[in-house]
Each structure stands twice: as structure tokens, then as C-alpha cells.
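In the two complexes that follow, chain A is the common piece, with chain B as its partner first and chain C second.
Showing the complex of A and B:
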């Protein structure tokens, strides 16, 4: 047991928590912004799958990770805007649109992968684009000076460019939501669309911006999965991160800081699962760990929130009585 | 009919709506050839029963809806008000009955929403607050710029709404039933502020059906009935009686005609009912009273003195900490509502949209919802649709519910007609006891009169009626005897309501006076 703890308290373990949290954090930011705009995009998973595939394929054909990344972002945004078109203008239920995107994200990416590789490579690649090479991955960045700090240096330095971007975007999203008029409009639309439209804010436009933002974040998340976390796309590689992000959004109380902490909790759970299986624990036992943590986390979260709400209510009642 | 008192349209007007008709796609004609004109700097009342078409007319002036035919002129320019933004740019602002505010944002943020002052990329919060303060001071409308809207009282929310319109350059303000949500102090304050705005040259449209307020604050009034304008009058030239005649097309009997009550056996017996709410406040304090067959017992009192809790206990919507309540000798405490109903208890709930009806269900489904398992409405395991249709049609006719068919969703009806659906169900199942909680709140004069008459009729036929009402007129005129509740206790019992005065009632309601235990004890007829 002590041995095991020792194994956890290494820079490598903390490094892996941050690395694993990054794609969850991207998706969590997507979930936070659409939630503020008043709806829930459950299609994050599918959006990330499409971005992952397009990122790895385009980077291979263009022989450039940067172009691959841009392709992933463009695909993420376009697909999310398409979701918006179906949901906001054709009035489909947004949950159904999200389910459709998720199903397409699984089978559709496999189909596209087979068709495209068959056309270009002359052979069908089954369920993975393993031909992407190390050279086409998004580069890791060694931070000078920081990497010299004992222990901390090993945790903070040497991450993928996108990992740093994920945490930067967490800050930027928070600023966007609370310091800019766009953020004010998003929150107003989410809470009382009638109030927003009665003062000339275009509810439709704001909703498109919010869902487009979620597509952008999923673009980053998907690109991270296929161009940094793994080398190439493979079937169902996002593995529920889009759903975990929805949980992280809720657990973080819909705020960026809370969402980031929740993402780290889930990152920790996944890193723990990996450690367990590395220690020889049956993978059938190790792999559910992150999901079990998700459920436990949500239960704890809702209990905390309930007692908090109770306290707030009684405080309000006291204040009301005092006012009398 | 519109007569010699009608004002001739010879002045210049800031707004002229001419020959406005609005026919909805479903065929309902909300407005038919309405003329509506506003003079600069006046407070103009738009009056009418629920469903008379006042809100529709104003929605068209604010660009929320477009007229089917007719023309709108603002400052003598013909305009097409295609959206609220267009209306705002013409200087027209509207304060809706349901506030258009974002609760989690601050007052200042709500003020500048859609026209946010910026410093570089960011919101200029200091400027937003400064703008709010500037307008609040200029128009003497006190608000707290930095408070969250969710935390401020209703009266202040309304001021924020008025300021929102002013900051966007509104010169014409439409107020949709602004006093419906206000206390009397807040109403008085609002009236002061409105007079201030009027002096500064603002034009105000005041939608209401409260006669006293109209007489107090407005200069002129337009009366609507069934989608048509019944004429424009100077407020000082007409009497309340004339207005009410124009609104409903007949003389409303403000005094309910009723014979003397002949109370028989006790139906509802309440003894020592006690309830302390979750914040530790004693809402019902050893309450004891009886309601007898054939009488209407009224409960007067300022809202929040335990009336709501009492009704909740009697219909098992809440559980008391102690005491008993029996209907014809059977305890109703803890009894499922369905069984309470089987014992002949009916409830006209205070919140009709929440407890009275299912808004998205049809009139028919709503009126049979309490009796849908009755033998006569079923054939084996299935409904007997023919019997149900007959029952629904009969109730719609008996209770004069204004609707196209029995299949219409109740939520689509006007407030008065929704309440008629509620009473059609509650009064028609042979009740022995009716709990009527604010039975005529917020509904038009015609429906109010109808419901009051029905209550009297039923009580004279031997039903016991417990009437809770915040409307002093209603409770004093309808009740045979009356109790006043204050702080969860009975402050006074009047065996007869004939020689009661408003002043006396007020003193008991506000806790300035209290009767002796012996006097109050007479409400128990042991």
C-alpha cells in the first residue's frame, strides 16, 4: 500500500493527471458556455470525434500539424453550427440533434476514415489512422527555467501546446463570460431570453455564438486526442470524455474555475485507473474507476448543493424576518 | 353607446392608431377597428375586462405583434412597428406585467443590457453604474445599481423596468397592469413617480381594471369591450358606474343580493389548529372555528397572516403540528385529496394556474378531472366519451365559459374564463363544503360577479362556504359572518357583517385591536 502511494507521489503521475485533464477541460468549457446560454449540448462527444479524425487525416495529407489542428477546429465549429441550424431554426430538439451527432461521431467517423483512406492510400484502414507519425503530433513545450525546478518542473513543463492552451482558455472563457458584453449577452439569453430580445439582443445570434464556441473547444479537444494524446485517430477514442465534461460542468456549478477543478478530479481518476492496470489490476476492474468517480462526484456535489441551498433559504428567511 | 362625452380628435397626438384590427391565424379577433390616440404628456388609461383586447393593442404599439389591418402614426409619421427594437427607436417603451429582467445580473447590468458601455474589450462597469445613478436621480426613481435583481423587492424591479425604458430614450411608456404586483405603499410611490414623469412631458399608457386607481391617476381613458373601443373620455367627466357600464355593457351589481343565511348543522369544525413553518414562525396559533351548512364564513386579513396555511391544512397540502379539522365528523388531516373530495370538499385554490388547472389540457379534461372515475363517465375500462362530452358541454354552458370548443386548451383562455373552468368543476360535484381562496383575484368584473353569485346561490342551497379573500369589499359583502386573522390567530369574529366599517376592519387586520377570547369563541357553535 505504502509502495503504491509512493508510486503516486511522483512528478510523472501528476504530469499525467494534467495531460489527461486537458481534453476534458476543453469539453467542459464548451459545456459551460452553452449552459450559460440556456441549453445543453450533449453532442460534445461526437464533435470531438469528428475533429479528432479530421485533425489526424489533414495533418497527414498536408504534412503539417498546424494545418491539421486548424482543420480540426474548422470541422468542430462547422458541425456545431450545423447542430445550431437544426436546433434553433429547424426547431429540432437539441438533445436529439446531440444524440445524432454522437452516433455519427462513432460510426460516421469510422465510415469516413475507411472511405477516405481507401481513396488515397489504396487500402482501407480499419478503425484507426495509425499512419500519423510522431513528427505530425502537436509539439510538446519545455518551459525554460520552470523545467529546472525540482518536482514541480517535471509536472508543469513538457506538456503539449494544447494542454497549456486548455488552461489558458479556462481563464479567457471566464473573462469572456464576466467581463465582456458578449458574456453578459450570453448569460442574459440563457436566463431570460425575453428580457434579452426586448432590449434588442439577438437571441438567435447569441445562441449560434455559444454553440460555435462549443464546437471550437471540441475542435481543440478532438485534435488533442488524435494528435497528442494518441498518434492518430481510432474508433471511439474520445471514450466518454464529452459526457464526463457535462458532469464536470455541473459539478463545477457552471463556472470556469469549478469546471477546471472538476476536470482535474476526473483526470486524477483516469490517471489512477491507468496506474492500477499498470500494477496488474484486471483492466475490467480498472477501466470503470473514472466512471465510478464521476457518479460519486455527482452525488457528493448534489448533496453539497442541497445543503447549501437550504442554508441560503433559511438565511433569506431570517433576513426577511429581521426586515419586518 | 359612445355618446356626447366622447372627446373629439382635434388635437395633435404623439401616437395615433387608426382602424386597428388583429385577427389571429386561429380566427380569434382580438381587436376590431380600434382607434387609439395619445396626447403628449398625458396619463391615459386603457381599460377593459380580461380578454377585451387591451394587451393585444399595446403589443402592436410595442412591435411585439403586427396588426392585420389599420395604421399607426407616431408623431404624425406613418410607421411599421416590426419589432420592439423599432418601437424603442421611435421612443416607445413598455413595462410588462411579467418583468423582463435577468435575475442573476445586477440592476446596472440589466439597465445597459443590449447597449453595454465598453472600455476597450471589457464592460465598463463604473459607467454602467453611473448611467443607472444618473437616470435614477433625474427621474427620482430610487434603485440600487449594484444589487442583484434577484434580491430586490418587486417595487424596485418595476422601477428598473421603467428606467430601462427611459434610458433607451422612451418618451411614451406603456405600463401593463403595473399595480397588480405592488403593495399599497408601493402603488402610492409609483403614482408619485408617474406624475413626475408626466410633468417632464412623458406620455404614459396605464393598462388596468382597477377603477379607483384609474380615477386617481389618469387624465383620459379609452375603454375596450370585446375587441372594440367603447370611446375615449376625460377621466374627470365620467363616474365609476359609467365606466363599469361601458366595460361590461350592463350595470354590474356591486352589492351582491342575498337573503339572510339560515345556518344549519356544523360541517367544518376546526379546533386548536397549530402550525409552525420551517423558519420557526408560528403561522397558525391554536385556531378554532366552525363553518355551518348554509352560511358563508369569510376570512379577512392582510395576506401572510396564516390564511394560506389554513387552507393548505384543510386540503392536506401541508400537515399541522397539532389540532383537529373535521368535515361532518371525519378528520381530514392527512387524508389523501381524492378522499377529501369524496367527502364533499371542494377547493378553489389561490394559485389557479398551479393548482386549479392543467394549462395544456382541454377544458373538457379539466372539468372532469375530479370525477373521471365516476361510473356514469365510464364504460368498462374505457371512458364513455359521449357522457363526458355532454358533461363538459353542460358545464361550459352553465358557467358561461367563453371558448370555441370544449377541446380548447385552458391555458389559452383569459383569466376570468380560466377561473370559470375551475369553479365549474369545483361547484358542480355536489359539494358540502367549498374552500374558496381568493376566488376572484385578478379576473374581470363579469366573471367576478358570476362567481360571487354562484357562491351565494350554493350557500343558500345548504353548502358550507369558507371564503378567504384579500379583497375587503368581497369578503364583507359576501360573508354572512366574518373572522379576521392576524398573526395566525383570530383577532375578531363578527356574527353579522351588516354594520361593519372599513376602518374597524382595518384596526383588527393590522392588530391594533383584538376581541376578547369570549367574543372570538362564539365562532365555535358547540
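Showing the complex of A and C:
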């Protein structure tokens, strides 16, 4: 046991937590902003799949990771705006739009992959894993000076560019939501669309911005998956991270900081699972750990919220009695 | 608006949604088809479309088009699991519960049924029945988790059920790999089902159209009656329409929400079990089969109405078969199905799709009504 703990308390382990959390954090930010605008986008999973595929393909054909990344972002945003069109203009239930995008994101990406690359390895498996070489991956950044710090340096330095962006975006999103007029409008639309529109805010426009933002974040997340986390796209590679992000949003109480912490919890769970399987635990038992942690986390969050509400109520009752 | 016009409107709308999806499919096939020039590509597209649209039921050859019984039974056989998941999703979505656990449910049901079929010897007729019911019961119990968490703690049933899908898949894979696999075989599969557990085939031509198909139709009838002719069904639909109203009018909302998901889980589990015993000899699924997602599409196409589920299932089974044939004979990847499904899904569920046409119909009906009244007055 002590042995195992020693193995955990290494810079590599903490490094892997941060690395694993990054795509979840991107998706969580997406979930947070749309939730603030008053709806829930469950299509994050599908959006990330499409972005992952397009990122890896374009970077291969253009021979540049930057163009690939941009393509992933563009695809993410365009797909999310299309979702918005169906949800806001044609009034399809947003949940159903999300499910449709997820269905397309699962088999549809495989279809596109096969058609574009003309690969047909075997019957079902086709991937772009051979396409992304080291040079086409999103570069890792060694931070000067920081990497010299013992222990911490090994944790914080040397991550992919997108990992740093994820945490930067966490801060920026928080500022956007609480310090800018756009953020105010987004929150207003989420809390009371009628009131927002009565003071001249275009509810439709704000909703489009929110869902477009979620597409942008999924673009980053998808690109990270296929161009940094793994080298190349493969079927169902996002593996529920879009759904975990929805849970992280709920557990983080819809705030950026909380969302970030929840993402790190999931990152921890998965990193732990990987360590366990390295120690000989069946990988089929290690893999479901993050999903189980999601459910447990939701339950704990809900219990905490409930007891808070209870306390507040009783405090209010006491205050009322004291006032008498 | 008159009832007749309402029906015509939904028909037109549905057909148009399907046409749009097929048009998208055509575009994609055209892009993916091989050929040098425009004309050649067009010809390839035509050939692929023929496979997609006609081939599931008809064999086309030199001698013209002929009906193919084997292909029909293939399509009917592949309807079995998706009728069950379709019904399952219908019931859960009717209560406005976006429980997406049918996917994991059908796998757990199949697994449980398979285990009973292998390890619990029983009499011939009773064995498959007990095995399938056990499969259903296992999933019903599983669905208690998202349902109770939703009603007691307000945890999103959607996220919870999605997570459960993954957990179910991995745990089953673990059990198979470590304890239950037949080690003499090359791939991971269980031992063979006992002979007594197998579900009899309706037609003996290899398309695996089993008695399960009849069971599925019976279950459709039961679900239809349940949803539209019982108090429980009415309550489920009412809660789906307006939860607050239902609560104020004294319905036991929490209980019914749990009931709808448990029932949905039971149906999905049964579907998995029947599919297992009717089609296979051993359990060898190593990934989620996808029937749960198809079930959602079916529920959308059927408008959450159990009576329409067989029709929607037939349509999707037909498309699936078409896509498979297209992949074999026209070299178009079968996953085109997912894109077509998604597009149909989007337009079908779009409330405002063709709303102007609908508006016109409403106005027309109103004018006619007014004219009728005027006429009656003058007379």
C-alpha cells in the first residue's frame, strides 16, 4: 500500500492528471456557458468527435498542426451553430438535437474517415492513427525557469499548448461571464429571457453566441484528443468525456472554478485507473472508474447542496423568529 | 384544425424529413463514389442508391426485379431488438425522462439472459421465458438507480444513465474475460446456451427470425394499451406534458417517474435477452450494440406512440439493411446510416419545420368553419 502511494506521489502522476483533465475542462467550460444561457447541450460528445476527426485530417493534408487546429475549431463552431439553428429556429428539443449530433458523431465520423481517406482496414476499424506524426502533434511547451523547480517543474512544465490554453480559458470564461456585458447578457438570458429581451437584449443572438462558444471549446477539446492526447482519430475516442463534462458542470455548481476542480477530480480518477491497471488490475475494471466517480460525485454534490439549502432555510427561520 | 388535416400534415412533414435525409445521403454517396467523370460518379451513385432503397426487399438482376423472401425475413428479424428499445425509450421519454440507458440496458439484459441460459438448467418452454424475464428484471433494477437519484436527489437521469452504460459495458467485459469465457475458443465468448433455452425460429432460412418477433408485437400491443388505456399510462403521459400540473392535481409524480424508467429498463432488458436467445448460440458482445440509440430514433419517429413503433422499426431496419447491402455491393461505408438517422431525427423532431404550411392549413380550416357557420345561418 505504502509502495503504491509512493508511486502516486510522483510528478509524473500529477502531470498525467492535468493532461487527462484538459479535454474534460474544455468540454466543461462549454457546458457551463450554455447552462448559463439557460439550456443544456448534450451534443458535446459528438462535437468533439467531429472536431477530433477534422483536426487530424486537415493537419495531415495541410501538413501543419496549426491549420489542423483551426479546422477543428471551425468545424466545432459550425456544427454547434447548426445545432443552434435546429434548436432555436426550428424548435427541435435541444436534448434531441444533442442526441442526433452524438449519433452522427459516432458512426458518421467513421463514415467520413473512410470516405475521405479511402481506408478500410478490416470491416469496421478505420482510424487516422497513422496520419499524425510527432511533428503534427500540437507542440508541448517547456516553461523556462519553472521546469527547473524540483517536483513542481515536472508537474507544470512540458504540457501541450492546449492544456495551458484550457486552464487559461477557464480564467477567461469566468471573466467573460462575470466582468463583461456579454457575460451579463448570457446570464440574463439564462435566468429570465423575457426580462432580458424587454431591455433590448437579443435573446436569439445571445443563445447563438453561447452555443457557438460551446462549439469552440469542443473544437479545442477534440483537437486535443486527436492531436495531443492520442496521435490520430479513432472510433469513439472521446469515450464519454462530453458526458462527464455535463456532470462536471453540475458538480462545479455551474461555475468555472468549480468546473475546473471537478474536471481535475475526473482526471485524477482516470489517472488512478491507469495506475491501477499498470499494477495488474484488469483494465476493464480500471476503465469504468471515472464513470463511477461521476455518478458518486453527482450524488455527493446533490447531498451537499441539499444540506446547504436546509441550513439556509433554518437560518432564515431563526432570523425571522429573532425579528419577532 | 380538423383531424384529417392534422394527419395529412404530419404525413407530409414526415415524408419530407425522410426525403431531405435521403437527399443528404445521396450527396454523401455521390461525393464518396468512385469514378472519373461526373457521369460515371452519377451512375455509381445510382447503383448505390438502388442498393439502399430497393435491395432490402427485392433482388435485381438481368431478369428484372424480383421479391426476395430471405431479405424480408432478414429485415423483420433485425426489427426485434429495436422494437424493444424503441418501446423502452417511448415510455421513458413520454414521462419526459431523458434516460439514455437503453443502450447499456440491452447489453445487461442480453448478458443476464445468456447467463441464465447457460448455467441454470430448466424445462424446454419455461427456460427461455425465465431467462428473458431475468434479463428484463436485471435492467429494471439497474434503472432504479438513475430513477431514484432523479426523484430523491435531483441528479440528472441523463448523465447518470449514460455513465451506467459505460460501467455496464466494462463490468460485463471484465466478467467475460476473467471468469466466464470459454477458454477453448479463439475469441472471447461464453459457453453455449443450453438447448432448452433457445428460442424457436419462425422461418428456417438462416435469417434468425425467431418467435421473439411475435413476442415483440405482443409487447407492442401491451405497451400501446398500457400507455393509452390505463390510468398509469395516462399519468406517465400527463407528467411528460406538464409535471407541475400533474403534481397539483394529486398524481404521485415521483413514483410514476420511477415506474416509467423501471418499465423502460425492463423492456430494454427483455429485448436484449430475446435477441440473444433468438439469434446467437453464445454471448460474445464485447461492445455496446447501438440498439439503444436506434431506439431513441424510433421513439422520435413514432412520436413516443407505442402503436407506431413497429412501423418506425421496420423503416430503420430497412435502412440498416440497405446500408449494409450498399457497403457490400457499392463500396459505400455502412456508417452512412448514422448520418441519415441523425438528419431524419433532426427534422422529425423540429416543431417549426414546415410551420408556415401548417399555419396555412389552420387558417384554411378556420375559414371553412366560418363559412360553414355562415352558410348554416343563411339556411
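Quick notes
Rule of thumb we're sticking to: the second predicted complex is superposed on the first by the 309 of 324 C-alpha atoms of A that agree within 3 Å, B and C clash if a C-alpha of one lies under 4 Å from a C-alpha of the other, contacts with A are read in each partner's own complex, and residues count from 1 in each chain.
Just so it is clear, contacts are C-beta pairs under 8 Å (C-beta built on N, C-alpha and C of every residue); 3 or more make two chains touch, one makes a residue touch a chain.
Source: prediction; values computed, not measured.
Room for both chain B and chain C is found when the two structures are superposed via chain A, with no clash between them. Touch criterion met: A:114 reaches chain C, while chain B stays clear of it. By the document's definition of touching, of the two partners only chain B reaches A:179; chain C does not.
Once chain A of one complex is fitted onto chain A of the other, the partner contacts of A:196 are limited to chain B, with no touch recorded for chain C. Look at A:101: by the touch rule set out above, it reaches chain C but stays clear of chain B. Look at A:187: by the touch rule set out above, it reaches chain B but stays clear of chain C. Put simply, more of the residues of chain A are touched by C, taking chain B and chain C as the two choices. In the overlay built on the shared chain, the residue A:272 is in contact with neither chain B nor chain C.
Once the two complexes are overlaid on the shared chain, A:24 sits clear of chain B and of chain C alike. When both complexes are overlaid on chain A, the residue A:223 reaches neither chain B nor chain C.
Closest approach of chain B to chain C, taken over C-alpha atoms in the A-based superposition, is 5 Å. Against chain B, in their complex, chain A makes its touches with residues 179-181, 184-185, 187-188, 191-192, 194-201, 314, 317-318, 321. The touching residues of chain C, when paired with chain A in their complex, are 28, 31-32, 98, 100, 145, 149, 153-156, 158-160, 162-164, 166-167, 170-171, 173-174, 177-178, 293, 296-297, 300, 333, 335-339, 341-343, 345-347, 349-353. By the touch rule above, chain A contacts chain C in their complex via residues 42, 86, 89-93, 95-97, 99-104, 106-108, 110-111, 114-115, 120, 239-240, 243-244, 246-247, 250, 282, 284-285, 287-288, 291-292, 294-295, 298-299, 302-303, 306. Across the interface of their complex, chain A is touched by residues 84-85, 88, 94, 96, 99-105, 109-110, 113-116, 118, 121-123, 164, 168, 278-279, 281 of chain B.
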